[in-house]
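Here come two complexes built around chain A, the first alongside chain B, the second alongside chain C.
For the complex of A and B:
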């Protein structure tokens, strides 16, 4: 019968329309600024720099190796290496970035900087409400704006940050064991020298 | 066919040279026409309502993808491939990864192959669902079918977001595997989405397939003969709708597709209705592949642990990797001279090559049919212009 196909379609739309009053799963949209969907853990927007401790300048993990600057596909990272060194999380003196800028109007959120970073210093943020009326300065993020604490990183990507922290703890334990072993060896050596030297002075 | 834009002063055809009685009218449809699927222009010569000539004009979205890739490292081009066909970034990643793996002789671990198939087929589902929605939108069914498609696409994009971190620009594949493993509970969620998908397809069929208006508008419109499809290099669902049995998943057996049982649906008439039906049937086959893959996915590494991300330099040589993307044969041709960036990088985009027969499909039809025919070709301008 002519028109039966259209009628069948109308029944389908009616079912969807009425179903939205009964089944909650039929309501697929939310009223955005007031209602928000839960943040998905793996989500990414733009990179940020992680720092340990309370002071962002002291605890900055970045050692200014400039690998991310080289590997960034659209070349949106600009780094200037410092002249002096400061101790890093392990206590080793390292360079730090004197200037670290990311132009997020160029950044395409590809995450390659995160993958190549050997120091777990640069990670992806989840903040997306970044619109501004200043199209040049407002989208060029400097070192201070990029720096975010390790606690913040743990809050947005718990699984990933937990793995990173565990890795750091392991490294630190290894380092401590090594220094302890070195100390022990030194002491043993001194004791041996004492024994060999005969009488105590 | 020329890709150059026509100067506005120069007419596309000589008014006196044809046999039509009335005057011909030249209409420039696009580049911002709402139903041109992006910035795409068609210069159409009309005799009344009838199309006598059509010239596609494109290049408005050209962004130098191939040349940029030649100055970029191999990995650096991966996020740019997302932007080719921005509806299905994962299959673009796959095509490029396949070409580089062929070039460098990298073996992909088992689990990564399964992940690729699962994400790739999910991409096909959402692409085809949206395409049908857009086709209906072009026909004037504003809203309903497209919104139903977007509702289903949303659940698939949520899966992509929790797996890859992004909804559209996934940047998921790596040479020799995938970037991220499934988070906890992902597989169950994906199984739920796939299990619910046939219900959506039934709904779509109820809504559209028997609809008299749809049949009237699409049957016998934009017929592509199998002969022309083969000689013009048409691939993908468009060729299969014309009855050409050519599916690279079956022909090339890339990845591990030979392990899964699925059939290749073929059309008979090659008109717009067949192209619509082919996509519906292909989605059902994709669901079958997904169900099998998700049942049998093994544990193991997702990327070869010996592979390093940085300092990737394949030996000198060339390779062509191709996959069956949702739109057709997507190929990447690479020449390496042993340096960290490719000497030559070339994309074979299915959208562009399927678009070349647009004039043959449109001739003799009404001007209102042009947008319907264009909608059934399934183009994405990011891939046409590159």
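For the complex of A and C:
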């Protein structure tokens, strides 16, 4: 019959219309600024720099190797190496970035910097509400703005951060065992030398 | 008492006219009749846009606009401010004068159509004795405005949109007018006031609206389909066709000119709805004899809102037609149906009053509808094209 399909469709839309007033489960829209969905763990927006401990300058993991700067496809990272050295996460004296800028208006959130960083110093943030009325200065993030604590990293990406922390703990333990072994060897050598040196006396 | 409420606008106008000197009375009378229309219908347009967006949202299980003001009801104000403050861009190669005149002409033509619509008892701007003719004559000015817009923009998309619009509007003008002829045949008059007055009687509690006859019902349905096409609304919105020719004839319009097009389109929709009400739904007459104490203008606007809801509902339901489907519907279904409907109306007029003419006329409407529908729905067999060199 001509027009029966139209009537069927109109019944369907009427059901949708009335149903949206009765059952709230039909309306899947999240009223964003007031309501928020929990962020999924894989969420990522722009990179940030991780630091350990309380002081962002002391605990900065970045050793200014500049690999990320070279790899960055849109070239949004700018690093200036420091002249002096400071101890890194492993306690080894390392360079640190005197200047570390990311222009997030250029950044394309590709995560390549995170992939290439051998020190787990740069990671992806989840903060996306970054709009500003200063389109140049307000979107050029400096070292201080980029630095976020390891606790924050653990909060936004628990699995990933846990793996990084475990890796660090392992490395640290290995280092400790190595130094301990070295110390023992040294001590043993010293003791041997003492013994050897003592005999002829 | 109810008579005073019913005639309050008419009495108010005469009361105001009493204070004016005799020499300016005709002019003042015209102004006092026209200004309320110029205020009421754009206001109705503003309310309709927000309700339409909310309704379409609900049909698609969304909220629709709900940010500006309580439940988003101030959205039209925000839209108005936005379109007023937007930059008005005119293409460099456009015909500037025509480009400016097109939206103005569209709105003007849409407003002119209201002159003959009786919006209540004794509430019509002019009672022309060729009112229906005037309405359709003015309605065809819209086509000119649309083509002016499409041509003057100097854009291929707008020209394509305008060509589509002209093809569609002229095709549907024919069934639109033919569908309304049945009423003119029955009423024996082209005056809208006379046509409404013929429908104000009651049998028991039931009104004498023309829609409650077989030919009137068929005419009403045909008229509404053609009116949807005339006002370029979904599912006949090919001239706009956002997904294919971006916005059709008003692609090069921005700011308030675009808003004027929008206004003109809705005013056209209200005007044709008003004409459908006048011709088929008894104008300002109450739907039941015991409801006549409610003022006549209330009934006119209630019917107008009801038809607008129907338009919105259809828009939320149906996808856009293809060009050949559009033309097939107009020429292969609507035109024969409208012509046969005229025959039905004649049969109705000359047969004796009673059940027999109901039976005969119902068959005369339903049978061709089914047969034509079957013919249209038949699967077309396309022959397989053989290529001589490609294969």
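In this text, the second predicted complex is superposed on the first by the 187 of 201 C-alpha atoms of A that agree within 3 Å, B and C clash if a C-alpha of one lies under 4 Å from a C-alpha of the other, contacts with A are read in each partner's own complex, and residues count from 1 in each chain.
Note that in this section a residue touches a chain if its C-beta (ideal position, glycine included) is under 8 Å from a C-beta of that chain, and two chains touch if they have at least 3 such contacts.
On a predicted model such as this, the values are computed, not experimentally measured, just so you know.
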Problem - chain B versus chain C as contact partner of A:166, first or second or both or neither - result: neither
Practice task
See if chain A has more residues touched by chain B or by chain C, and give me that chain.
Solution key: B
Exercise for the section: Kindly classify A:191 by the partners it touches after superposition: chain B alone (first), chain C alone (second), both, or neither? Expected result: neither
Practice task
Once the structures are superposed on A, label A:155 by its partner contacts, choosing first (chain B), second (chain C), both or neither.
Solution key: neither
Problem - Partner chain in contact with A:73 - chain B first, chain C second, else both or neither - result: first
Practice task
Scan A:111 for contacts with chain B and chain C and give back first, second, both or neither.
Solution key: first
Exercise for the section: Have a look at where A:21 lands relative to chain B and chain C in the superposition and call it first, second, both or neither. Expected result: second
Practice task
Under the contact definition given at the top, report the residues of chain A touching chain B in one complex and chain C in the other.
Solution key: 2-3, 6, 9, 12-13, 16, 28
Completion exercise
Counting only contacts in the complex, chain C reaches chain A at residues 55, 58-63, 313-314, 316-318, 369-370, 372-374, 376-377
Exercise for the section: Spell out the part of chain A that touches chain C in their complex, as residue ranges. Expected result: 1-3, 6, 9-10, 12-14, 16-17, 19-21, 26-29, 31
Exercise for the section: Under the touch definition given earlier, write down the residues of chain A that touch chain B in their complex. Expected result: 2-6, 8-9, 11-13, 16, 28, 40-44, 67, 71, 73, 108-112, 115-116, 124, 159
Practice task
Sort out for me which residues of chain B touch chain A in the complex.
Solution key: 72-73, 75-80, 82, 144, 148, 151, 154, 158, 161-166, 169, 171, 179-180, 183, 203, 206-215, 309-310
